[in-house]
Amino acid sequence: MLCRCQKQSGTSHIMELAIQNLISPVVLCFVLGAIARWVKSDFKLPDAVYQSLSIYLLLAIGLKGGVAISKTPINELILPALVTLALGIITPLSAFFVMRKFGGLNKTDAAATAAHYGSVSAVTFLASIEAAKLAGLEFEGYVAALMALLEIPGIIVGLILARGKGSGSLGSAIHDVVTGKSIFLLIGGLVIGTACGADKIDGVAPFFIDPFKGVLCLFLLELGTVAASRMRDMKQAGWKLIILGSAIPVVHGILGTAAGILVGMSPGGAAILGAMVGSASYIAAPAAVRIALPEASPGIYLTLALGVTFPFNLILGIPLYMKTAEILSQL
Amino acid sequence: MLIQLKKVTIVAESLLKEGILEILKAQGSTGYTITACEGEGSKGIHASDFEGRNIQIDTIVSSEVGQLVLTAVSERYMKNYALIAYMNDVEVVREDKFK
Amino acid sequence: MLCRCQKQSGTSHIMELAIQNLISPVVLCFVLGAIARWVKSDFKLPDAVYQSLSIYLLLAIGLKGGVAISKTPINELILPALVTLALGIITPLSAFFVMRKFGGLNKTDAAATAAHYGSVSAVTFLASIEAAKLAGLEFEGYVAALMALLEIPGIIVGLILARGKGSGSLGSAIHDVVTGKSIFLLIGGLVIGTACGADKIDGVAPFFIDPFKGVLCLFLLELGTVAASRMRDMKQAGWKLIILGSAIPVVHGILGTAAGILVGMSPGGAAILGAMVGSASYIAAPAAVRIALPEASPGIYLTLALGVTFPFNLILGIPLYMKTAEILSQL
Amino acid sequence: MLIQLKKVTIVAESLLKEGILEILKAQGSTGYTITACEGEGSKGIHASDFEGRNIQIDTIVSSEVGQLVLTAVSERYMKNYALIAYMNDVEVVREDKFK
Amino acid sequence: MLIQLKKVTIVAESLLKEGILEILKAQGSTGYTITACEGEGSKGIHASDFEGRNIQIDTIVSSEVGQLVLTAVSERYMKNYALIAYMNDVEVVREDKFK
Amino acid sequence: MLCRCQKQSGTSHIMELAIQNLISPVVLCFVLGAIARWVKSDFKLPDAVYQSLSIYLLLAIGLKGGVAISKTPINELILPALVTLALGIITPLSAFFVMRKFGGLNKTDAAATAAHYGSVSAVTFLASIEAAKLAGLEFEGYVAALMALLEIPGIIVGLILARGKGSGSLGSAIHDVVTGKSIFLLIGGLVIGTACGADKIDGVAPFFIDPFKGVLCLFLLELGTVAASRMRDMKQAGWKLIILGSAIPVVHGILGTAAGILVGMSPGGAAILGAMVGSASYIAAPAAVRIALPEASPGIYLTLALGVTFPFNLILGIPLYMKTAEILSQL
């Protein structure tokens, strides 16, 4: 009875969290961008600036994460890192299985989609951090390092799953993934942040740390217009896929959250890990998949990642993972 | 003083940049010009907005090289990627720059 | 006698205010930009960045204004809002009348110009805020909301004035105005700011609020080069129009200031309202007018708005409205 | 393998983008490429720097569609707006993309 | 209704912008369109990245003016600067804009 | 013996300084950019943004320097200014001599290179300021004004040295140099900063001052990729030139440092002056030289300035000048 009662209050709490999460500059800017597209406004962030904001965000995430690593004893990092790597291998497999079995996708499309769900969406990661802060939850600073770890394996597993189906060598595909600008900047930032430590990074905080959230708003404004375009393409993906695009993040997200709690992370940190695991990449993965798996249909994987799963996580997923973390941490 | 050559133009999603430039070099082009652009065609979706929009690659070449480039590019990319390719006559100053 | 005496000290005070207003980073950057053009420097802010600065400024104005609205009891807002709307309908009519009667413009050109004077220049608004701060004047935070209100009606009245003269439907013109990026972002920012309130907007203040004035400097640097080009086109407009382009802001500006005082705004707020009413739009209005009234000559309306009225207000108009507000508030 | 088509090029102030694209679609063009540009011509003044500079729109079409596009665009915009339009021959790979 | 003219295209390092535009004016061109671009050719190095990359300048002119422009540009710049220049036929609407 | 002992500890101290200097966000971002090029990452800061960061940095240097000037009694400025001007005339002459005598360059190439070594690299200047701060050294705020002074004469002397060799008029070349955007913005910023003074510039500090170092990081990230490309071109320059490209900054840098100490500047300020004098321009000079001396080979002067001398100063030169300043100030 206590359990059910808790569950009920939990449910209502999730709605509150969801609403509190919704009414934030970050989420509302995303919504505003989507509206811009829907009302056919001519708003458009110039390409050069949109790309530069990406560069800024990834480098800044890296720097912040690096500082956190420099403060964390290595043995505290090992377990979360291993679990993150494991999740980066498991989740593309489960996504592949689901997409083949229930989604009716061919092998290449399923593998391409799996690569996206195995990797991570940097913006979902950031949104989950904002949500955790808003909810007053503490979290481990090294989560950004986990994000970097989570980006790569999923993509590689996805490409391996598609193999045989023609396409180039795996080696050159992996080189492309690792030197691709998004992962390169993230890892570069992590290394610089770790090497410099908190004191020296402090000097660049007024650029890389303090205005970060505002820059994220501007980025999401543009991402909203892009996501809204993807939502229009949903017919191509079909209803079955759209439902799976909401179900997979729930499963993966809860899995990630539970794993985080299990290895002793704080509820906030576990929820953030859950959001990462539940998210689907739409920056690093699409570029890699497009080159390595040209026959896969971007109309499927991009629409799922950016048109379905990203908004789902932003609005419902993240509060759900936070609530899950809270409940699990009390067990 | 003016020599008749061809200008080959390829408009493609920007991810293909390196690959197309490799083809140009392999087929004997001595130079190229790249312009950023946007567009729409039969393939609606592009791989990644983070990677930038389309690119237009122009290269001034002899008629034979032009044929080779068009064939190589379309064989390698036309099926799966957003790409168009065409060429037209141009009269060029200082042909030695293009050999 | 007291009155004359006051007037004299008033006059000298205006000069002081004008000079104090002139020697500010914001104004001097505008002047530097104009000089760049005059000495044929190759300085040029890339287009993509200039557009992005506009986006930033409009969104930031909106957010700030929204926070102010969220703090203001609605009944305090009603009267200033109504008076602003009224001014947005009256001023295009008066500008139309003057341009027809004294400016010798044909109906279309007069209506196009009226649309500009009926709307508002966001940068003049910002410059008046900086000037008010510099002069130590308090003002109402909700003025940004008034600016949003003032942007639209003037353009619509202008388009109506031109009607009959061929051109497309008014409905689609209005759709274009409201979804045009400048007004869309301003209103979007207002809504987000109002919904989030001060606490949540605080998190993005290091991006949207603190560096705002510096960004404005950079924007004005480029705007200076654009305005200097317009000043070169003045021959096309003719001396008569240039004089009117300085007289109209004085009349509208004093009208706006007086109206502000009348509805109980502070002297600072009233002066800012005056600057808005006295200003001529050169972002939203030109785009709308160009599409809806193609026969109207941009050589007239753009030169007046950006080449004459904007620098006039920046240098002389704003101090004048502040002095006017001070005098009127003491009556 | 190469087919003779036309490339129509329109350079115009960027406010006209939507309208020109509508014309293209209406006249039977199946795609287009847009490039940002600047320029000067007979009309010195552009409506708004906030709206960006000029745009160049290229579309590969049949000769007949090309004629129709040029006529429609120039009738609708040439008088009041800053705009030029022209076309030239191109040899295109995979004509089926343009029908 | 369509008139046969030439489109002259010059791709050069962006520092040359002012000089090239002067030549255009002097030789009788009535307008031009500039696009930002990048490229590679025989001269690998460009003067300054701060100054931006290459520019492409297009101008629609009569055949005679085209010849003059090509000659003037190549005489003045071809030896020491990164620059190519060529022209091709175009069919233009409203020839009066280009005289 | 004391001297030798000091020298030893001095040497070790230089290594420490060099390492401390290396492990900073600014330097590591430069290295990251170079690595991006070496591993063929597709990272690239869009051109429009790179140009805008230049604009920002130059204007901000100017504003800061202007504030410093507004606080400094003129008579304190005169001596350092005169010595800076003198160095701006001497160093292109010595560079020309060395390049002719030992470098085997023809007159035009030697003059073009001399123009670069006579002028100053803004980024080296900034890096030396960061290094001085890191080392806890105080320095004079007016050094930015000295930098502006040092930019122009070297270029003009270089162009004069090349004369006779065809080419256009010196007058128009000088106009181009002074109205070129980099020098125009620097001087414009200085004038605005001086006119406004500390109080008014304070209002734009959250944009122009606080995030400055972070912006510099982003700029250096891109500059690293550009410099790495230049390093590839080193074969064209040849080993002899590469050695000279490291020797000249040492000589000029120590000369500049000594001159700074001589006119009574603090050790920090003298080291910064040394870094400026030892640096070679790769923004203002290349543009001017390319136009005025088209026959000169950019493959030589650009590779030396950006591929050799800039990284040399960043990593070894600056600590050396700081150590030199320390030693000389104790004499």
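What to note about this one:
Just so it is clear, A, B, C, D, E and F label the chains in written order, and each chain counts residues from 1 on its own.
One rule holds for everything that comes next: a contact is a pair of C-beta atoms (placed from the backbone, for glycine too) under 8 Å apart; a residue touches a chain by one contact, two chains touch by 3 or more.
What you see is a predicted model; the values in this text were computed from it and never measured.
Note on connectivity: the fewest steps through touching chains from chain B to chain C is 2. Ranking all chains by how far their C-alpha centres lie from the centre of chain C, first place goes to B. Averaging Cα atoms per chain gives one point for each, and the point farthest from that of chain F is the centre of D.
Look at the contact of chain D with chain E and you find different residues on each copy: under half of the numbers used there are shared.
Note: centroid distance chain C to chain D, computed from Cα atoms, is 35 Å.
Distance from the chain B centre to the chain F centre is 40 Å, each centre being the mean of its Cα atoms. In whole angstrom, the spacing between the mean C-alpha positions of chain B and chain D is 20. Annotation for chain F: residues 42, 46-49, 51, 181, 206, 211 touch two or more other chains. Annotation for chain D: residues touching 2 or more other chains are 35-36, 51, 88-89.
For chain E in complex with chain F, the residues that touch the partner chain are 13, 15, 36, 44-53, 79-81.
Interface residues of chain C facing chain A in the complex, by the touch rule stated above, are 46-49, 51-52, 55-56, 59, 63, 179-181, 184-185, 188, 191-192, 195-196, 200-201, 203-208, 211.
The touching residues of chain E, counted against chain D in their complex, run 1-2, 5, 7, 30-36, 60, 88-94, 97.
By the touch criterion stated above, chain B contacts chain D in their complex at residues 9, 11, 35-42, 54, 56, 67, 70-71, 73-74, 78, 84-89. Taken in their complex, chain C has these residues touching chain F: 23-25, 28-29, 32, 35-36, 39-49, 130, 134, 206, 210-215, 217-218, 221.
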